[in-house]
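This is the structure, below, for whatever I ask next.
Note that the chains are named A, B, C, D, E and F in the order they appear, and that numbering of residues resets to 1 at the start of each chain.
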Amino acid sequence: MKVTVSRKAHFNAAHRLHNPAWDAQTNENTFGKCNNPEYHGHNYELIVSVKGDIDPQTGYVLDMKWLKDLIKERVEERFDHKNLNTQTEEFKNLNPTAENIAVVIHQLLKPALRPEHELKITLYETPRNFVECAD
Amino acid sequence: MKVTVSRKAHFNAAHRLHNPAWDAQTNENTFGKCNNPEYHGHNYELIVSVKGDIDPQTGYVLDMKWLKDLIKERVEERFDHKNLNTQTEEFKNLNPTAENIAVVIHQLLKPALRPEHELKITLYETPRNFVECAD
Amino acid sequence: MKVTVSRKAHFNAAHRLHNPAWDAQTNENTFGKCNNPEYHGHNYELIVSVKGDIDPQTGYVLDMKWLKDLIKERVEERFDHKNLNTQTEEFKNLNPTAENIAVVIHQLLKPALRPEHELKITLYETPRNFVECAD
Amino acid sequence: MKVTVSRKAHFNAAHRLHNPAWDAQTNENTFGKCNNPEYHGHNYELIVSVKGDIDPQTGYVLDMKWLKDLIKERVEERFDHKNLNTQTEEFKNLNPTAENIAVVIHQLLKPALRPEHELKITLYETPRNFVECAD
Amino acid sequence: MKVTVSRKAHFNAAHRLHNPAWDAQTNENTFGKCNNPEYHGHNYELIVSVKGDIDPQTGYVLDMKWLKDLIKERVEERFDHKNLNTQTEEFKNLNPTAENIAVVIHQLLKPALRPEHELKITLYETPRNFVECAD
Amino acid sequence: MKVTVSRKAHFNAAHRLHNPAWDAQTNENTFGKCNNPEYHGHNYELIVSVKGDIDPQTGYVLDMKWLKDLIKERVEERFDHKNLNTQTEEFKNLNPTAENIAVVIHQLLKPALRPEHELKITLYETPRNFVECAD
């Protein structure tokens, strides 16, 4: 029986939604208040879920301390208290919507996992809006 | 990579559980306190989830403001502060269990979505009881 | 040092807000959707807090099992799955606003407490609206 | 018996913590990552609590719909999706710490209340950090 | 359309993580503070989810009262306020990790369900760590 | 205007409730399942609240990073993943009820605060039971 283990983490960041290929009016029509050129921000709540077999020696799918440290190193230190648009490589040319942030976090964490482990990312942008992606 | 976006909403309503084809004793045995003929009620917490591809122009699966407005128009305005049994078309001949309410909400929202989008409904009847349905 | 101990409980009920001394229009202007004559309902989340000295024999202000049972007997069994307007003595002639429900619960529980204990009632009508009263 | 009624609201904003009277090193030593010149942001969760007598005509301390609209007009429209440092009058010359934001919200709401009503502000900057102020 | 119904429950227990086939140092390296020989404990939050068809007579997938009682009888009475390592048959020879506890709960509940019903277990060991397993 | 700042923390521990001056039957009658000699445990959620004036230089009542580190040093490192009865000095001769744990945490933190600051401790033993104490 496969088991999924999940760890919650969080980071705070500023962002704005903007498509540089569009004029100002199209951006405002599409992104509304989220297009504010002076930015706004969120407390992002992140859930990282890994599915795999239980190791009979440990009773673990993986060591949650290791997963916690991996999230800290690859996600929190990169994005926490940052301006996503101006201070991260990942979103210099990619609109930092919740959808894109989730996919980027998936790409940042996936290479560190064992190949037989499945990864799912859940990201709350606000308590009422959240997104998920999985391989 | 497909991404699922979710939006939380809520509505308050009165209801009772009752099968008119049964006698009073069978109804009480089956539905217990939920069969109270004078009704009781809940704060229904609703999560609407839509799965699809990210639009490369916007970075969105869909515009969450549009989804919020759709839920308001098709669900909240129909059910909020209503007696589900006596004041809604949907439950005049359908028992308003959490299961049936979730399926009805799925049917109300599905036609408004693009055909390639998958829809999942999660409905909390109380903080300890909830149901899900998906296409 | 005084310590306050709190216990959470909950009940579901139907109600409507209505002042029988007023005409229909004034009731609707004042209470809006909450005046719906067919009722609506809520999951009421209740927190009962008692402040007093720690008993050095037990380390308790009071036995939380006793408090849980008291709430069940005096509040949950009276109001759970009921229509507050038509099926409770307390609200036959009292508008069942969250404020009035909290005061009634205070009155129902207070006589069971030791005189030196202070009582505070917190009642969530929805996750976003709540009221408190205390002696 | 006085009753306190509370309403939850929220807004998202960008900010940075900075004292312009200090040099860069003192600012960084004091405010750490919160001093980031490119800003970061939060989902601010706000609870507005008003204490007063129950009006015997309505059963209300005050109309929660009125309070909801007041918060929307005086707080959410002013701060939501804004950069507090650069886009609000209130924080052009005041460090937007959670403490100062709570006091400013108190000052914005207090004049709209009846003089006999007491006002308390609770503001969550993150799920783990929050502040309160009251008259 | 299949519907999944879920019920939340909880229990408190003490445990330690330990592999008796390993020496003390390997156990400490692997399990860290969770290897404390004097035990520590958790408030386990459990979500039991059952997927099936809606019965047209009742509008239920199954009776949630029956599910609540089943969880009480097979899980809560077995594990609540117990030392998992020393006072339960299930973990006398099985390391009581969250993963293993979830699988054991799945095994305890599955035989009571109708064969066409699918079962999923979600277990929160802390508010930030949780696991899931399903057939 | 005084402002209260609060910081949430948590720790997991095992305990049992027991009065060594009583016989076994009186202990069981008083403490029920909490008297289990093999212990049980909880995820304790702690809120530390400090009330004081805002420092006009920083906009802070105090530095929340300092408060977080103080809680870690004086509370979490002492109690996390411990057996309160057998592995802590504080509860060797004091029954580890939630009330007593809250008072002990108050005593551990108070000397580190400036004399003009008021301290309040809130401790959740379970999501439904919590206690508060304050100077």
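We adopt the following convention: contacts are C-beta pairs under 8 Å (C-beta built on N, C-alpha and C of every residue); 3 or more make two chains touch, one makes a residue touch a chain.
Quick caveat: nothing in here was measured; it's all calculated off a predicted structure.
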From chain C, what is the lowest number of touch steps before chain F is reached? 1
So which has more C-beta pairs touching, D-F or E-F? E-F
As a test of understanding: of all chains, whose mean C-alpha position lies farthest from that of chain C? A
Could you figure out which pair among B-C, C-F or E-F mirrors the C-D interface, over half of its contact pairs being identical by residue number? C-F
Which chain's C-alpha centroid is most distant from that of chain F? B
How many angstrom lie between the CA centroids of chain D and chain E, rounded to a whole number? 41
Chain A and chain B, separation of their C-alpha mean positions in angstrom: 29
Sites on chain F at which at least two other chains make contact: 127
Once you've mapped the touching chain pairs, tell me: line, ring, star, complete or other? other
Which of the chains are touching one another, listed as pairs? A-B, A-D, A-E, B-C, B-E, C-D, C-F, D-F, E-F
Per the touch rule above, chain C residues touching chain B in the complex are 10, 12-15, 33-34, 36, 38-43, 45, 80-83, 86-87, 126-127
Can you list the chain F residues touching chain C in their complex? 17, 19, 21, 30-32, 94-100, 102-103, 106, 127-133, 135
With touch defined as at the start, can you tell me which chain B residues reach chain A in the complex? 1-9, 49, 54, 57-61, 63-65
